[in-house]
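Shared chain: subunit A. Partners: subunit B in the first complex, subunit C in the second.
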Partner chain A sequence: MKNISLGFILFFLSINIFAQNNGEIHGDFDLNMQSYIEDATINAVAADEVIRNNSFLNIIFTKNNFSAGLRYESYLNALLDYDDDFKGNGIPYRFATYSIEGLEVTAGNFYEQFGSGLIFRSYEEKGLGIDNAMDGIRLKYKLLKGISLKTFIGKSRTYFTYADGIFRGIDGEIDLNETLELQSKTRYIFGGSFISRYQQRNNPVFELPQNVGLYAGRLNIINGGWNYYGEYAYKINDPVNSIQEDAVNYASGNAFTSSLTFSKKGFGITGEIHRADNMLLLSDRDRIGKAYIMNYIPTLSKPHAYTLLALYPCATQAMGELGVQLDIFYKIKKGSLLGGKYGTKLNLNFSRINGLKGGTSILNDNVNFTPEILSFNEELYYSDINLEVNKKVNKRIRYNFVIANQTYNKDFLEGKTPGEYGVINSTIGVLDLSYKIKKGHTLRMEVQTLIAKQLETASKKEEGDWVMALAEYTISPNWFFTIQDMYNYGNDDESKRLHYININFGFLKGANRFSIGYGKKREGIFCVGGVCKLVPSSNGLNLNITSSF
Partner chain B sequence: MKQLSIILIATFLNVGTIFSQERSLPNIDVKTLDGATFNIQDLENENNPIVISFWATWCKPCKKELNNIAEIYEDWQDETGVKVVAISIDDTRSMSKVAPYVNSSDWEYEIYLDSNSDLKRALGVSSVPHTFLINSEGKIVWQHKGYIDGDEDELYEQIQAISK
Partner chain C sequence: MKKIIYSLFLLSIISSCEVIEGPYMTGNGGGVDTNSNQYVKNILIEDFTGHLCQNCPDAARELEAIHDLYGSQIIGLALHVGSTFARPYPLSQPKFTYDFRTKWGEELDNFFNISDAGLPKGMINRIDYPGDHRKNKGQWLASVQQELDKEVVFGLNINSSFDGNNSIIDISTDALKDISGDYKLVVCLTENEITNWQKDGVIEDENYIHNHVLRSLITSAWGDDVSLSTNISNGESYTHNYSVNLADLENFNIDYSNNTLFQGNGESGGWNQNNISILAYIYDNSNYEILQVEYASLATN
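Here is the complex of A and B:
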């Protein structure tokens, strides 16, 4: 006992020493609790635990060029939209890092991305339940002015454990203008990266590669309002662990992404194209699922924030897709007829994603196939054309109006049998209106409608038309209250013409936010960046507390 | 028991010392819109206040906050010398839309890209928008999560309180 006390005293004494030298401790906290009750009308199930919980606390200690931190996570048990394997309590994330004379050393957990992520990205996305943090050693070094190197070795996290593969990576970037001290107005940045995954071979029939390598090269040219970014990535063969000859695919994979942007005052335009073929990188060749994906090929479509615009979201097909996207931003000047007193903002967005001609690359004893590089007339996976108008009318009224048409290949994107649901085409309208009642008091209303069309030949009926309305009252700086209803009025099955009502009440002060809500959630797909999860329907109360210190 | 009390008192005293300290900006690199690397500790505004606002092109309340401030930004600058720094957490998916959105919106802010969320993590930002106020010594003196219409008034009161 005496020893323990002594230990405590020493510990706090040491913190005190740090404190005197201006060490700092900061962090953030998040608590999410949800109750689940049965609701047969929407197929919501009750949870045995009644209440489930996802929470975490981040703590970071910093002193000069040293920092160390940890995250305590608690899933007792995890919310139903999380994978079951998030179970229990633990400290799955801890790190120490310091930097000295251009060298940064990290031991423990870290998040890393090479280039645009085509060959490697380790990240966390709480909303999706993804956290593939690396655990190992990472070095970053600024070699010369404008030249930086990164290298690491580690294993990636899955839930509370680590996946089988060991990753080694190196990435270098050179900013020519800084290194050569060019006076040019055009900036040239080149980069290259290499990743290798080791996983022991255990196939009795085929000699699978134990070390799978990937490399990528990138280029960024910037001149005033112009910006070009291009990256090409290649992956050597990475067959699945099967003893069936035709399931083993020895083809290599590749991907490229390319974007060109121009903008000036009041105007901006972005055009993008990307293609992926057989380009899925997993942390364990024997597993499937989003928890094991280690590269990032974001979907080339606009991330929508309004509910009905995001009802049919697009998931990236890393095994084979070709996508294009165009965005135009324009602000109609103040004082003009259409601009009014404050100007009017427009954003036109178009995206289209289709399959590769003949499918993804395959190479085994029976088949040898490589798709054409560019083919735009193949099976459509997703397309979206939308126009957003944002306008402040006067000191009190402001609105946002969106009209969109989306095509969603449900059979393909959700892995259904061809012909089951077919392709869903939906036309969506959104009006979001804010009215300032008096200083600090604002009433905001949303009305959304989705009209869906489905091929007559489909064997199963999709949900049909939706309408949604929302009212939100906010009192700055502390209070908000929201009520919303989503109504599936157009469902062919009359017993499924249901209302999904949600109410939310919240209090914010400085770095703390409390909110409590009650309502029904529809079963659906929720995506961030083209990575998606299935959210089961639910009915219940939720409590969310976030805090930062 | 007596020993325990002493330890507890010592603990609170010590923890108190740490927490009561002002907070500095971390040693983290972000990117400028023209591709240069910038260390966030190099932010400066001739000893005037700095507002750091985390946002993303897909975040409605973030854009609302920064658009609302944009309308009164000139007045704020004239009266307090404040500078607003908008840090985009857009990742590869939407990063290429940051410059077109910012320029077409006529924002006069300093813009940085934190596409791998390094700065976001170091500052304990779990969701956007999240706003910090930095004083003349480069210390964070106030922060706010979320945005609802009218929050800029509270922010401005905080700016006025620390501006000379």
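Here is the complex of A and C:
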């Protein structure tokens, strides 16, 4: 890979020289440095290196219908919440693309997603330490009016190398109204996609498929304020490379998601259901870990940004789950009794996710099991009901208030032995108040509380009740200062009733942003869109610099 | 024309899909032919594990399945390591109080950085170091097959005498080709059939049988020189002699658990000498790859 990268740099420099006058170069830079000191009270370990650093620089050159770019990444060594296989420096991402007469050609790295991602998603999420960019060739073609096709062939990135599997994919979408020039008020968009992964067979006992196929169909109907989206996906047999009969599963996988939304000014409602069974696609059947996952089951629970609301987050289970969600948005009109001068926004959200009856589908020489399609009374994984009130009181004061009740199956979602922690129910309240002192000076305060209980007797005690407070002073446009404390006052173990204090200080000017912080992090689960990672506890100083041009 | 070409291309992609119909088990593997050479290539699977690790028994079963397929060419070694999955519960608790960890297991774990990446993990003859040496159980089979194809460079013979407590162990190494490099011999003791607690999926199994558990190293973790010369000629033979006292080794582990290991409780004894085996391997000091491994019972050898 290094030789290829070097070639790209030379290529880049040369186009740069020739194109200085009529092309554009943009980029962005990010540096994340953290020191780690030992803190036995929170089980934080010191790093041998004392400080660790993650950085990257993106450079993209664009001229007319041509663009090329690269990303230099540096992990010296990777922050502790990253997989330690991210190690060293390199240019793992470089591409060139052009389009002409409806055809777009990309060579090198690219990110791609088919539909909602049920059968394929190649993406990066720095917060999770995930980057499964493809490396290969991608073609996009506008076949007819309203009909577009994408195809690609490539291997997917894992850390600084590529996984074993070779992916071939094709996705087509047709906007019926555009193609048939319909005048109908209802818009129909159909899509279909197919993915195939090749990996050499080498099992001496079981016959493994070398080419594993997945396909999906989707439908989007839009009429005025109504919007329906549905997608069904299927995966053929994809057993692991084992010689234990119990471990080799020939069952197919499937998933569907279906949502109906109605919205008009000041009101919106969405109902959604999804189900996945044995629907995990890996870039190498022999491996495990999030770096190898190549598809995505969108999460059904509301993504929470407030710390205590996200303390017990929901991780999507591609191997088997069934869930529903209802989301209602309503804005109380301004001038009314509850609406006040500026109106009041309300958001009620409910989600509930449970396992499949009897578990994931299994097929081998001795067992042939398929779970019921709709069974809502199975082991609960996660549920969340929350109400959010957002209100601007006057020119100086605005607030956001959230109350939630969440149920979290810690044993299942964190892979514990059943009975170790059981299921945790927590009631959470958040008040986020913003006060504008004078022009350019704003004070924002958060107070959060979480009251937890274990719903069944378990062999271990969970952490108990928490309270959190935050104050943030902003002098726009250049400065901000934040202090926050998370306090585990309700821990059953008195020695663990700890304060997690963090202070953060930042300076912004133009395209540059600098921030320095110090504090303690609690060990926990961090998720983005239902994909999660374990964050180890830490104590230390952090420096973050972002910049773009 | 462009559209036709494009459509053909798409069709060819869609046809790449294989649905397998049962029966799924198509062979028994049949093992590897033993040729006329006296020695065959043996393979060491170092299974890094812990009694609190609920996915670890699956890896142990994969090791057993690979052993059943290829027979005595596959030699297992279970190293209980780390403070997350291998730490014992306090003696006041009714279960998981045994401390399977050893000084050498921890040393190897730290050096090869295994438990930090999550257990279970294994090394197959320590190939692909550094970087890809830590292998999930799903990778073991393919790595074993790759190793079985390699040439056998050294032959190992283990001879021992045992009087109930003291043992003299002789390891002889035969070079099977001209070779130059820095090669090390490591000798350790393992124990089979230890019945003790193990988390196994959703079960806490009181009667789990722990096999080929690392008990002690007779050499250091990095071994002794096979030969004093870096040039080894085909047909040369080297002998290493060791004398051990089982009770001393057992007491060493108890002290080490008590005094050094994280949350150690000294519950590391109760060795059954009838189940103790000698395991010897030779590795290449330039890349840590294990070139040969041999295994013999201590008491009945």
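Definition applied: the second predicted complex is superposed on the first by the 526 of 549 C-alpha atoms of A that agree within 3 Å, B and C clash if a C-alpha of one lies under 4 Å from a C-alpha of the other, contacts with A are read in each partner's own complex, and residues count from 1 in each chain.
Methods note: contacts are C-beta pairs under 8 Å (C-beta built on N, C-alpha and C of every residue); 3 or more make two chains touch, one makes a residue touch a chain.
Source: prediction; values computed, not measured.
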| item | value |
| --- | --- |
| Clash-or-fit label for the pair subunit B, subunit C on subunit A | fit |
| Which superposed partner A:Asp327 touches (first subunit B, second subunit C, both, neither) | first |
| Contacts of A:Asn491 with subunit B and subunit C, given as first, second, both or neither | neither |
| Angular separation of subunit B and subunit C about subunit A, which is computed from CA centres of the superposed model and rounded to the nearest 10 ° | 140 |
| Touching partner for A:Asn58 - first (subunit B), second (subunit C), both, neither | first |
| Subunit B versus subunit C as contact partner of A:Asn544, first or second or both or neither | neither |
| First (subunit B), second (subunit C), both or neither touched by A:Asn425 | neither |
| Chain touching more of subunit A, residue-wise (subunit B, subunit C) | B |
| Touching partner for A:Asn405 - first (subunit B), second (subunit C), both, neither | neither |
| Subunit B versus subunit C as contact partner of A:Asn504, first or second or both or neither | neither |
| Lowest C-alpha to C-alpha distance for subunit C against subunit B (Å) | 22 |
| Of subunit B, residues touching subunit A in the complex | 3-4, 7, 10-11, 14-15, 17-19, 21, 23-24, 26-27, 34-37, 57-60, 71, 91-94, 96-97, 99-106, 115-118, 121-127, 130, 142-146, 148-151, 153-154 |
| Interface residues, subunit A side, partner subunit C - complex | 83-85, 141, 143, 149, 151, 168-170, 194, 196, 198, 202-213, 236-237, 239-245, 247-248, 250, 285-289, 363-365, 415, 417-418 |
| Interface residues, subunit A side, partner subunit B - complex | 5, 8-9, 12-13, 15-16, 18-20, 22-28, 30, 58, 60, 62, 65, 67, 99, 111-113, 116-117, 123, 126, 148, 175, 178, 187, 189, 220, 222, 225, 227, 229, 257, 259, 261-270, 272, 296, 298-299, 302-305, 327, 329-331, 342-343, 345, 347, 400, 434, 436, 439-442, 444, 474-477, 480, 508, 510-513, 529-530, 546, 548-549 |
| Residue ranges of subunit C in contact with subunit A within the complex | 3, 6, 9-10, 13-14, 16-20, 22-30, 54-55, 58, 61-62, 65-66, 69, 113, 116-117, 131, 136-139, 141-142, 145, 199, 202, 204 |
